Amino acid sequence: MEKNFIIAGFGGQGVLLAGEVLANAFMLDNKNVTWYPSYGAEMRGGTVNCEIVMNDSEDVSSVNKNETDFVIALNQASFDRFLPKIKKGGWMIANSTLVEKLQQRNDIHYFFAPMTKMADELGNAKMTNILSLGILAHISKLTGIETLEKALDVVIPAHRKNLLPMNIKALKIGYEYDLSPANV
Amino acid sequence: MTECLTKTNKKVLTKGNYAIANAAVIAGCECYFGYPITPQSEIGEFMSGKMQELKRAYVSAESELAAINMVIGACSTGAKAMTSSSSCAVSLMQEALSYAASDQLPVVLVSVMRGGPGLGNIYPSQGDYNQATIGGGNGDYKLIVLAPATVQECVDLTYKAFYLAHKYKNPTVLLADGLLGQMMEPVEFTDYPYPEVDNSSWALTGAKGRPARVIRSYAPSADDQCEFLENLHAKYKLIEENETDWEEFNTEDADIILVSFGSPARNTKSAMKHCRKLGLKVGFLRPITLYPFPSKRIAELAQTAKKFISVEINMGQMIRDIKLAVNGKVPVELINKPVGNPPSVEEIVERIIKESEE
Amino acid sequence: MTTLTQTFKIPESIKKGSKFSFCPGCDHGVAVRLVAEVLDELGLRENTIAVASIGCSVTLYDFLEVDTIEAPHGRALAEATGVKRARPNKTVFTYQGDGDFASIGMAESLHCALRGENVTAICINNTTYGMTGGQLGPTTLLGQVTTTSPTGRNVEYYGYPIKIAEHVALCDGTAYSARVSLDTVPNIRKAKAAIKKAFEIQNKGLGFSFVEILSTCPTNWKKTPQQAHQRVREEMMPVFVPGVYKDITEKNN
């Protein structure tokens, strides 16, 4: 099985870090995983994004995929850019605080959550990225909340460990967010 | 980032550039000299902290010219020393690489390729295949060139680069690309797996109790230079016999053999598997050493295969070495991306289907 | 009864049986000998690594019984940096011409001084590129005729010559910078003292030490050795004034 993920947003939203946490979680699950930042035309226009390829069958993953299984879009530009890349039956997980709830394609699943607003209510809008991982974990069932917590501990450097409890809280809020609108 | 590394025997998710730097530290690199350039700056950043922490030598050099010459100076004493750079800045180092090859010094250069020619851009590229394997410096010399395709291989081949450089007293290049440099994968940092090479017969240590040693390339006599070049190329022949390295899959019965190195080799391998599922007899060969190139093996395979296809991120450079090896027996085609991420699996498969119909 | 004492002998640091291949009257031979005498007197020969450069100075390793690496043109002090950083306990020096040090190698030279690398640089200033046949270099004097300044160096086409010792002295990492000449016996003695001081400063780990040596190039200047030394005094010294430009071991400096 191979699954790939794109996490995208504007600079400062922590999309590369969120990708690194997700990749670490897959590693802790003993999966093969590859993380890379996007290059090329995709890099222009103020969005930052990274792709994570997870597989448990191949020793080496291919990269630069034409299609993707999951997209986390933290802003409108990322939503617009990556919507066409999603596989039939794949998922668009979007931050509805900054993204319009339009569903132009009917061959994929959508899930909208006001992630920035929720993170803000938690006490720090910068937790949007980690909160989105909680939602992704719940929807995809490809990694668990405990693994993501461990991954956070690996990624957050020693001098920032004070931020760990808040990040874990954001992860949980995302994970426990009501998925019923998406009919998962 | 640096705090979690240098520990061995445990998987950590690591960027290619950090993997190379940390592997160099484990390999016993005593001196790092460098000048920043994207997409390899993490190597120098990592080294600046780690080398000082370990009380080893580190210099933020004033230029790449200075950096590579500092490496030569350090290597002349038998030390394990390295620099790292990218494309247009590796161009600046060509003179020194020619000297180092002539001086027979164990220089290690990490070259993380970006777009060119000229300043180009910071996207991944393999446009410096020729620069590394043919060389941009003057004279008849060769660099050993190792090409990783995964982050784990960035580690393993960095170890090997130090070993081969010292074993053969020859400048050795680890040729990666911007994608590998920026990519993160789980890696294991094992202990340095190679024996230490004894440099005491030639290193500059001060002429105590022995005649003075001179490391020089100036050869005023043509006869001396002829003899020197014959010996140098005898060494290259030895390297070719002993160190040529590659991996291959499904080549025995293949009609089409794909050849690719570095990051596009990943997609090429996937494309080969996909083609097999479609019933196409496609094989795959990945050179791990670009010099020495697995020419002999490719020549053997040209007896049975009907076509070779080189997959590269450039306008077609390795394809020449494949053509030389195939020697006109069968056609050699190119699937390329001029610069940027490798051709996707789908693009490669589509071309293979087209080629197999011809 | 008379006792015979040997007043002239070849330094230990000079290769046995070697013969200088410099042109007759060239000061390179004197400069190399002074370096050899200093290495002998300080007992450094067996612990020293030299870095040769490109130009007439390249042949250094044919005459010195010292471990030596030859650097590409201009890169001597980068290589010296590499040697010293790898082996801090060795004495490391470069022997370069003005073109190598102050033209093609200006970046390497000044940055080495700015870093305060604990190495010694000896720079021969003869106002021309000697080995290639006497072209204009960074120290060619205004009005001086060379093969690439056929009517003399003018500012319009060539700009100004560089005063190397003064520039090196301005670098904070420099511990010692001096300019000496080899035109008379007293000046040769002073030159030797400066070279010795430079090596002593390195041995004390005080930083970059530098000696610029005003030298002759009778072949390319088309002068006899005597006329050449006269030119050093009359034309070079007024522009390139001998003296100690920096010495951090002197209190009043």
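Each chain gets a letter, A, B and C, in the order it is written, and its residues are counted from 1.
The criterion applied here is as follows: a residue touches a chain if its C-beta (ideal position, glycine included) is under 8 Å from a C-beta of that chain, and two chains touch if they have at least 3 such contacts.
Worth saying up front: this structure is predicted, and the values here are computed from it rather than measured.
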>> Using only alpha carbons, which chain's centroid is the nearest to the whole structure's centroid?
In response: B
>> Quick check for the class: compute each chain's Cα centroid; which one is farthest from the centroid of subunit C?
In response: A
>> Could you work out how far the Cα centre of subunit A sits from that of subunit C, in whole Å?
In response: 64
> When the centre of a chain is set as the mean of its C-alpha atoms, what distance in Å lies between subunit A and subunit B?
Replying inline: 34
>> I'd like to verify one number: the distance from the centre of subunit B to the centre of subunit C, where each centre is the average of its C-alpha atoms, in whole angstrom.
In response: 40
> For subunit C, which residues are in contact with subunit B within the complex?
Replying inline: 15, 45-49, 51-52, 58, 61, 64-72, 75, 78-87, 90, 107-108, 111, 115
> Across the complex, what residues on subunit B touch subunit C?
Replying inline: 30-31, 33, 57, 59, 61-63, 65-67, 69-77, 79, 81, 95-96, 99, 103, 204-209, 211-218
> Tell me, which parts of subunit B touch subunit A in their complex?
Replying inline: 1, 3-4, 11, 13, 123-124, 149-150, 178-179, 182-186, 263, 266-267, 269-271, 340-347
>> Help me check something: in the complex, which residues belonging to subunit A touch subunit B?
In response: 20, 23-24, 27, 32-37, 39-40, 58, 60-66, 154, 157-158
